[in-house]
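Mind looking over this structure? Questions follow.
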Amino acid sequence: MIIVLSPEATPEDVERIVRRVEETGHAAHLSTGSERTIVGVIGPDLPVLQDMFETMTHVESVHRVTKPYKLVSRDFHPADSVIDVGRGVRIGGPEIAVMAGPCSIEDEAHVVGTARAVRAAGATILRGGAFKPRTSPYLFRGHGLDALRFLATAGEVTGMPVITECMAVADIDAVARYADIIQVGARNVQNYILLDEVGKLRKPVLLKRGLSGLIEEWLLAAEYILAAGNPNVILCERGIRTFETSYRNTFDINAIPLAKELSHLPVVADPSHGTGKHQLVAPVSRAAIAAGADGLLIEVHPHPERALSDGAQSLTHEGFASMMASVSGIAAAVGRTLATPLVPA
Amino acid sequence: MIIVLSPEATPEDVERIVRRVEETGHAAHLSTGSERTIVGVIGPDLPVLQDMFETMTHVESVHRVTKPYKLVSRDFHPADSVIDVGRGVRIGGPEIAVMAGPCSIEDEAHVVGTARAVRAAGATILRGGAFKPRTSPYLFRGHGLDALRFLATAGEVTGMPVITECMAVADIDAVARYADIIQVGARNVQNYILLDEVGKLRKPVLLKRGLSGLIEEWLLAAEYILAAGNPNVILCERGIRTFETSYRNTFDINAIPLAKELSHLPVVADPSHGTGKHQLVAPVSRAAIAAGADGLLIEVHPHPERALSDGAQSLTHEGFASMMASVSGIAAAVGRTLATPLVPA
Amino acid sequence: MIIVLSPEATPEDVERIVRRVEETGHAAHLSTGSERTIVGVIGPDLPVLQDMFETMTHVESVHRVTKPYKLVSRDFHPADSVIDVGRGVRIGGPEIAVMAGPCSIEDEAHVVGTARAVRAAGATILRGGAFKPRTSPYLFRGHGLDALRFLATAGEVTGMPVITECMAVADIDAVARYADIIQVGARNVQNYILLDEVGKLRKPVLLKRGLSGLIEEWLLAAEYILAAGNPNVILCERGIRTFETSYRNTFDINAIPLAKELSHLPVVADPSHGTGKHQLVAPVSRAAIAAGADGLLIEVHPHPERALSDGAQSLTHEGFASMMASVSGIAAAVGRTLATPLVPA
Amino acid sequence: MIIVLSPEATPEDVERIVRRVEETGHAAHLSTGSERTIVGVIGPDLPVLQDMFETMTHVESVHRVTKPYKLVSRDFHPADSVIDVGRGVRIGGPEIAVMAGPCSIEDEAHVVGTARAVRAAGATILRGGAFKPRTSPYLFRGHGLDALRFLATAGEVTGMPVITECMAVADIDAVARYADIIQVGARNVQNYILLDEVGKLRKPVLLKRGLSGLIEEWLLAAEYILAAGNPNVILCERGIRTFETSYRNTFDINAIPLAKELSHLPVVADPSHGTGKHQLVAPVSRAAIAAGADGLLIEVHPHPERALSDGAQSLTHEGFASMMASVSGIAAAVGRTLATPLVPA
């Protein structure tokens, strides 16, 4: 961190500020220019220290120089992390991982049927919602434990690892028992209690970016999980909230290459939430893979107009198969492949 | 809800759509124009139904007509709700409620000292952080249970009810034992599990707006708490995230009169987080009261440059007293008063 | 400006970067720490130089230290600027300046009628639109020159200086002939050609903030006008575009005290555009004055439901009078007055 | 447009509202339900009418049903528009159009050198800035007329049509004399005077989206040009302003397929401004083509660290060639081609 003093700072001011830096446990490095004195703070650049120094008299500005996260940083771990999610599926390697399935799990037949359909089209991970965060208390909130069991059955039957969202610390054990990947949703990316708890597991965690989450905040949320001991984190860009009202969210394509530059963790894309409109899902899926994403998370429903949630952004089985065909050429163009369809169990 | 069909819709399409409306448990009211048929859906306008109908073939657009919340709505409860928070203090009535205190509680002497100072200046509720949501896992996260006890002692000594944030379901009992008002923070406003749980209590809950939370989402979050049985909710505008980088957040002054128009719940302002800059706290506090806010939530620290968190936006004891003097005239101009300082216990 | 080199930078890299700084006409000041070398660039901190240095190999980050504007800065001109707009009216002094009138000027009787009404209620400047920027080519775009004449007549009759928007360089002469204050609208705040041209006049210019304009960009737009020779600039906050859809714009109350801290220019508020909803205009007007605004710009129409533009945000004559009464108490509370109503000519 | 009346509306209210609709020159279609009366307004859905009706007593809400633009709409013109920009180059057909060159034109040798380099790498249109909009009055604003001549020469020498920005009505003739495509920049997309004037020409116009421009506003800006008589408009997505600070702008990938769905006009992408970071230009270029963009606009400079503007986002000649190679595979994957390199003149 660099503290720039104002031209009026006296030698006593400089001394006072240096002393304050040292009290926080950091070394100070002084640099006296013709107009201004600059104090370098040796150590990690925590935002809180920036705040603190900015309030001091005769401090003109404070600049962070180093990144506030460490374990998730590519500086710390230059090679790509590849995460094994079970049943032979890995995320972050040359194969693109496609996770697909219904927004909400309705019953066993429903999820098994969709599982077979998405697998046949090339998906290798099954997604499905058991616990649903809903903006209104009057909306369907998921079939809970029953849905977890249906999902596990569908994974078993089709040989696919499964992913589902966990919203509450109290549900972690149940979700971890049935799921191969635990999803932390956009609304919980700053639920630090939940991050701490999934950090105590070794199960892979898919961490969505917040609705208005800075890239830095997203990486710091991942840092919580790694700092607690779990290195198996997959980042997921799912669109941000902007002024534009034509779509539910604005998919932030810039975030894909930037997150991969800053971090070694795999980065996947959720174009279903990132657009909120089924007709945009295929073009934005292609775009995400073209920009370097390691995978996709796609909502699929046999009859979107009857879905209990998110119908407007769900692909039909046919729509999904057609999307996969178009993504496949893009994957090849960037030197990657879609994962080989697994042989049915 | 109103479903507008496209000009190409045939009588069979109309019938299919009406049938779908009826399957969702709503009555359909048909209106046939020269160009288009319009289907009115009688019942609550849930966003999920809008999504569902929008995916149907030959549906051109779907418009919500009624509000998705009920218990928090002023239509449902026209008179202002006034919430008794204990020790004779009420929020939502003619007296402006000022909640002040440190961002983080550091030790007993610290919080008692600040409590005395803010009370002497006219605050009637003591705020202080025991559990702190922090963007980085490496930052100070609050003194927890010890801090709760220090806060309760400071409330006791000065005769003020106390407010503190609860971040986790597991902490609700402890927080409810020591605090008179439970704060749900901006990062947890869509933590629906937590909302359900504080809804089971009768303790007043101060509910902050999310960083990128729509007014409608904020009111729906409050609806969760009321629907679970707890009518004692206080809304708190604390700034939203925008493109502007000169301040930490952009205080949304429009939200104050609009939330009061839409809902009967009290609305208070947090200009400390709403600006992130101590020198903007006094003018924005005056603005919030001028716009109709029922109270203020202000961070105060004896030495902001030594605060363990949020120093940049904290007022000194002197700064707080001076702010209160300037707010007092504004309160009078809008026909309200600052709460009478309580006699020390 | 401060250039932070990466730890890998060799002495040759340092030399190369210093040479580049010197080629741009700036002196370089070197500071060698234990881990990193820092190069201070002596001179104005232009964003373009930041861009340039950031692209250089082994430059880790570049930080601006000084403000990019000068003439508008309070550092350069510590006292408040008070701008004489004619007929004895001044903006920026102890008297709050209230500018009111119709969004679009419809005919002479209309604008004279509204002028009398707003003057009787305490406005001292008459606003009215002759040239209207409209998002659609099929909307009413103002009565142009005729409207300018009606406006000037209404100003004459009521003894009020008048303000109207100028959208085109070709119209500047006509607008300057009839108007006492030239308004540059939100959509033209980065129309640098127009800024240059109004900078060649001495007529006061009211400069709105852009829909997504940073405070710094707004002040730099004002700097264009001052740099061209016209010191008579009035800043106008009119709401910014955010994710919130409940109002047309989000009035940025923080901008009022911050713009006054950074600049000596008067700052006025436009709550009509800042909210887009007539029922929010009075509370946000009070808020703006409470936060330190030097004036208000308010849309008034005898029959808002018949207005040719912006009906939803216009106050009736009665609504305006009632708003003025409530603002008057706020002005007094912050030690200011509403301008004394002028004696009719 | 649909006007929903509140349940309290009496038959007299209904009559009054119908009369008002008819006064605006539209037919009204009444539909009386059990709870509410709905008035359908037959005719184009102008936002101004929505505003007007919303202010009427007992109007609960007003909903727009039809799009406010016509000539740019795909409903009106279902087939893709393909725009001939001269020298055999067309935009909107199966060949991807790549426009590349320097942000600012520095001298003839500079632009000719870059022109040869980008052409050799497969670009078919040369871009270069002669008039530059700059946020500060103290920055380099382009070499103007001289730069136009250098650009035209470079186009002549390499056989490429050229594109450059026009910021002022006064410059239109000069720009139109030298350029094959006139660019209207993001800051001028709502400069309606300029739109009217370029609409009087037949020269192709590349119209950028505004920094905080809604898709609808962007299409309405294009409608201005078509309504004035010029059908040759190319839309250009160049990133929007969001809360994220890691990049200069957030490239809105959703806008590419949505603009192509709503309009028949070609849509190109500007990843240089859309990211502001040279290392993101290649991945976002690939993404844009994968999502259906008809072309790219790329800033290239032989020595970005010496560029007079936008160095941070410029590709080197080598970087551009490498980007083109990676884009080529993506184009093939979506059934398109990069335009065949032209034979040097």
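Should a chain be cited, it is by its letter among A, B, C and D, assigned in written order, with residues numbered from 1 in that chain.
Everything that follows uses one rule, which is that a contact is a pair of C-beta atoms (placed from the backbone, for glycine too) under 8 Å apart; a residue touches a chain by one contact, two chains touch by 3 or more.
Because the structure is predicted, anything quoted here is derived from the model rather than measured.
The chains in contact with subunit C and with subunit D alike are A, B.
Annotation: A-D is the more contact-rich of the chain pairs A-D and A-C, by number of C-beta pairs in contact. With each centre defined as the average position of its C-alpha atoms, the distance from subunit A to subunit D rounds to 31 Å.
Averaged C-alpha coordinates put the centre of subunit A at 27 Å from the centre of subunit B.
Chain centres here are Cα means. That of subunit A falls 40 Å from that of subunit C. Each of the following residues of subunit D touches two or more other chains: 212, 241-243, 245.
For subunit A in complex with subunit C, the touching residues are 2, 4, 29, 31, 33-36, 38, 40, 42, 60-61, 63, 65, 212, 241-243, 245. Interface residues of subunit D facing subunit A in the complex, by the touch rule stated above, are 212, 214-216, 240, 242-247, 250-258, 261, 274-275, 277, 279-280, 283-284, 286-292, 326, 329-330, 332-334.
Here subunit D touches subunit C in the complex through residues 20, 44, 46-48, 51-56, 68-69, 133-141, 167-170, 187-188, 190-193, 210-212, 217, 220-221, 223-224, 227-228, 241, 278, 304-314, going by the rule given at the top.
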